[in-house]
Amino acid sequence: MIVIMNASCSDSDIENVFAFLHKHHLEGHLSRGIERTVIGVLGSPVPAGYAGIAGSIDSTIEDTLIGLAGVEDVFRVSKPYKLASREFHPENTVIEISAACVDSGTVKIGGEDVVMMAGPCTVETEAQLMTAAQAVREAGAVILRGGAFKPSTSPYGFRGMGEEGLKLLTKARDEFGMAIVTEVLTPADVALVSEYADILQIGTRNMQNYMLLDEVGRGSKPIMLKRGMSATLEEWLLAAEYILAQGNPHVMLCERGIRTFEKATRNTMDISAIPLVKKLSHLPIIADPSQGTGRRDIVGAMSLAAIASGVDGLLIEVHPNPEEALKDGAQSLRIEQFQDLMPQAVMVAQACNRQFIRPARYSSTAV
Amino acid sequence: MIVIMNASCSDSDIENVFAFLHKHHLEGHLSRGIERTVIGVLGSPVPAGYAGIAGSIDSTIEDTLIGLAGVEDVFRVSKPYKLASREFHPENTVIEISAACVDSGTVKIGGEDVVMMAGPCTVETEAQLMTAAQAVREAGAVILRGGAFKPSTSPYGFRGMGEEGLKLLTKARDEFGMAIVTEVLTPADVALVSEYADILQIGTRNMQNYMLLDEVGRGSKPIMLKRGMSATLEEWLLAAEYILAQGNPHVMLCERGIRTFEKATRNTMDISAIPLVKKLSHLPIIADPSQGTGRRDIVGAMSLAAIASGVDGLLIEVHPNPEEALKDGAQSLRIEQFQDLMPQAVMVAQACNRQFIRPARYSSTAV
Amino acid sequence: MIVIMNASCSDSDIENVFAFLHKHHLEGHLSRGIERTVIGVLGSPVPAGYAGIAGSIDSTIEDTLIGLAGVEDVFRVSKPYKLASREFHPENTVIEISAACVDSGTVKIGGEDVVMMAGPCTVETEAQLMTAAQAVREAGAVILRGGAFKPSTSPYGFRGMGEEGLKLLTKARDEFGMAIVTEVLTPADVALVSEYADILQIGTRNMQNYMLLDEVGRGSKPIMLKRGMSATLEEWLLAAEYILAQGNPHVMLCERGIRTFEKATRNTMDISAIPLVKKLSHLPIIADPSQGTGRRDIVGAMSLAAIASGVDGLLIEVHPNPEEALKDGAQSLRIEQFQDLMPQAVMVAQACNRQFIRPARYSSTAV
Amino acid sequence: MIVIMNASCSDSDIENVFAFLHKHHLEGHLSRGIERTVIGVLGSPVPAGYAGIAGSIDSTIEDTLIGLAGVEDVFRVSKPYKLASREFHPENTVIEISAACVDSGTVKIGGEDVVMMAGPCTVETEAQLMTAAQAVREAGAVILRGGAFKPSTSPYGFRGMGEEGLKLLTKARDEFGMAIVTEVLTPADVALVSEYADILQIGTRNMQNYMLLDEVGRGSKPIMLKRGMSATLEEWLLAAEYILAQGNPHVMLCERGIRTFEKATRNTMDISAIPLVKKLSHLPIIADPSQGTGRRDIVGAMSLAAIASGVDGLLIEVHPNPEEALKDGAQSLRIEQFQDLMPQAVMVAQACNRQFIRPARYSSTAV
């Protein structure tokens, strides 16, 4: 940490800062410049083991320092997340998911290959789900998305089928061999959803629902952590750190658009987050161009952009009949649109020296 | 709802929209202008009783319409919240809280008078809490704030004393006769916190934690719902609607600053939300200038601004020794600062024809 | 400046940074911490005289340092503006404007008293302007606002009467003794507008129109510099620095709302900018609640909030008949509304120990 | 336009709205719904010829309507820009620029092929410019960028070489056959810069400098209009409309990042603007990943993303020695980095069925 004293600080202000640092077992180093006096703080306030939640005083120290008399500003020198940072973990995390539809039986996320996850926003009926699942698998998806517990901005909106939806997802997995990603909304549901799902999704509104992060961190299911609507990368990686700190290393991040002033789209998909996450962290990064834009007509362009920028996977909403969708119909691709997109995606990946993980050719008896 | 067709829409696009409306029992009304064809939709998609969560299809219809071929835009004509709107409930909601420190025994929030809530950000020790409580009561506060369960952006930050903190709050209530407001973080804790608190606070990160909103909505404790970090007023009122829809009418809103590009403050306190909420809704509105700015040195000015703009109450962090605070020391007023602020606040309220609710003079034997 | 090296920087990276500093006549000071190596830079890159535009290398050095190999981040320790900062100029700047309508003949902005500036958004007709001017003076305004050159988001919008409008403003000054504030859009118009106006307004879209800032800086007319739509305080004060650096010390700042996600208002008025500007700078700060909200129905509440937070003056749009306004009718107060607001404003100012500068009672023969 | 009356509007409120519409020669159409009364407005308030600046009343009517008694909201049905919209001009605008370095002698922007523009942020010395120009041409650029008049946030920053810089650009054009793009800052400089440049750049801070837009609109030089720092697409297209309305049809748009809360990048490059501009407008769209990110280390990834999303050209900062740059060194690619990027860009374009316009092989005698 670097403490910047203001121009009119007194000697006793400086002494107070040193006294404060000593009380917290930190060492200060004084530099008097022409315009400002600066105190460099040695030692990291996060304890070596960061064993649990109770111990550390990191952000507190920073917060309190900035309120001391004579202090103008405090800068952190090291990143506040450790387990999520590439600096402390240089190799890519590769998450392995069992999926009968691929020949090896395992989908690897975060490695050399790109993975396609697709399916309906929300599980609505068996027919809808099975139609979508078969179509996206045949086109090239290996993971099936579908919401059973859905957040809704309005209390009068559709909030999903609940466990019934989870059972339908299992049925689709049995039939098509795809792995399942689905959202969990609250700590009390984590055990239930974990019974059915291969990947638990934490939605954008829950990125800072710390009790939920703790709960999924205590399990071992892979987690897809969506970025909060106006979260910085640092806040997002700190949310991932919550899960990692509880012991679950299987975390992938999912960029799904941030809030900006633009009204032509529901969100502004932040493609730059993709190369930045790859630099800052070792965790896999997925892109969701459906939520990321809210507009079916640019989902294709944004999917290709995400691949070109280095994404590890895509999460795309596909609905057999978007006009009948109970949720987010406007952003769901039609099946034909997904069928058109897939070969373009393959081409762009190849141009970037990457391959899509391919499912085996589907045959209803083979699985 | 108003559906705007794009300039190149075909007759069959228009027919499809009408077919879609009919399927949802809605009536359309066609107007062909020079540049655009417009379809007015009669009937409200929210059912009259909005009895529960499962029934309605409001936002779905809008979402899906905007994805139909030939549709350029869809505008909602009525507000998506009902129970929270002043239109459907013209009189102010006044929430009554028992508090021995006022002569009447009851604090009314949302009526003619202004209420001061103050205390430490976080309960740290008995001495800290009792010192702060006595000081803020003597200066004029009638409700004591203090966090026992605290959200923390970093998993290594302090997360509060938990039930121990709640017990200390009860002790302060017994001693000083003040009502207690404290945060609840997750549905599973609602019953526990309700045993101790007079007002349950829902924090900014949980404004769209719908399972938590549902849970507090099923109780009858007064709720203070903080605005989400980048929430619009509509989203905030929809979050209040969640609580109201479950049957709990005792909801007050709390403006606590929104995220902007400004770096000189932690958040930008949106004073305009105060008069706007009074127009759009009947619910009481509180202002939190401590979180709203993150800087002790402008908490006073922003408190006065909030009063002048018509706020129903203030929530202010006060710490006996901010340098020792375990959380948010930089934004906590010192006791002397709070003592200086209170008479100024009283003056500004009087200039606006309002009074602060006054506690009886404190004497340790009187309560 | 503080240069933070990344964890994996090499010794030659550090040597390169020192070489770079030496080339720019700056001294570095190395501190090796456990996680990071930090280089403190002594000496200020802004030359003592900041004589002109060509000389300095301030932001360049910062920009370039951050791109050197091994550098993770660079923090500035001192503020990038000098002439605008309170640190270098502790006493308030008080700007004196001649105005026959006050007994002393001079309005002082930035001192103990508060000043009311009011009038129509745009000069439309002589009758409109004279009616508005008389009404706002009789109610208590001493400075008359009115746009003759108007920016318009659409090329098809009304762009003002030009010099004709300036002549009408002069006529109103002659009749009512008020000083005139009006906008100038481009360097080529500065001489013309200066002939007629007492205060030149730089609008929000021109806050970073540096050629215009330079031009008004070369004159001596008082300048009202509006905040850019999404400008930080630092950027705003840097824009003021442009004017001050050219030699014109008569700069006042005007908060007029920033862009946020809120849709219920045109802009979000940032009341916290008022106490912050008073801390960071010695320049007077004015508030424009008409542009700041875009809604007539909350202009009153926001005016009172601005006063309570310590503003030096208000700039309010008043129109004799807002339904006939050629621009911004929705945010203009009716005359009766302004007449109602003024005594409330006086009360709140008094509660804060300030007075409004009062015009003498108007009589058509007295001036 | 659609006028939404509020729930409690009176009959006389409705009559007033109709009276207002009639005064402006517009026809209203009343629909009474269950919750709201709606008035559809027929006729477009923008006159058929939109001949000039004085005539139209478009945004005024909307602004004033929203302030009438009983009116809750007003929605525009048609887009406020015409000349810039694809609806009114379905075919792509293709801008032709003479450039000796391509075999045909002409670079076409906005057509089938993709164009690479590269060069230093700022012209600093002849050696720097010539080295950069030769290197980027040899790697595949056909247009040379370089600033001679530079905006600077600080008045103490470097503001460019002025006409000297323009002369050096001309020298580079003579030597390498590349076309030149350079910024113009103020109306008075348009004639001068037009003598030297092939494309005039309007920078982000000047997107709403209407006097400058008018001035370049009166000429015939191709214009590259950068997006304002927090501009919506609609505001950006309205700024283009200013230029088009003056008679200059040669306008290309340039996405250069928007301001968001993210601190890891200088700006957030909005890749979704690329496919959206292609849908909303016929004008060519260019991407500037250097300004768009501010970080050399992700310029490559974002360039590829822009191509995959359908961009018509890239504008990339390249410096022979970024450590020596007088401006924006941190975001400038080194020559080797640009040489590495170009073949990857070609591959991604091919995967999307597009080609880069290629310069002839450079030989100092051939041009």
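For clarity, chains are labelled A, B, C and D in written order, and residue numbers in each chain start from 1.
As a convention for this text, a contact is a pair of C-beta atoms (placed from the backbone, for glycine too) under 8 Å apart; a residue touches a chain by one contact, two chains touch by 3 or more.
What you are looking at is a predicted structure, and each value in this text was computed from that prediction instead of being measured.
In this assembly, the chain whose C-alpha centre lies farthest from chain D is B.
For chain pairs A-C and A-D, the one joined by more C-beta pairs in contact is A-D. Centre-to-centre separation of chain A and chain B, using mean CA positions: 28 Å. Each chain gets one centre point, the mean of its Cα atoms, and the points for chain A and chain D are 32 Å apart.
Distance between chain centres (mean CA atoms), chain A to chain C: 41 Å. Across the assembly, chain A contributes residues 230, 259, 261 that each touch 2 or more other chains. Interface residues of chain C facing chain B in the complex, by the touch rule stated above, are 230, 232-234, 258, 260-265, 268-272, 274-276, 279-280, 292-293, 297-298, 301-302, 304-310, 344, 347-348, 350-352. Chain B makes touch with chain D in their complex at residues 2, 4, 6-8, 29, 31, 33-36, 38, 40, 42-44, 75, 77-78, 87, 259, 261.
In the complex of the two chains, the chain A residues touching chain B come out as 16, 20, 46, 50, 53-60, 63-64, 66-68, 80-81, 151-159, 185-188, 205-206, 208-213, 229-230, 235, 238, 241-242, 245, 259, 296, 322-332.
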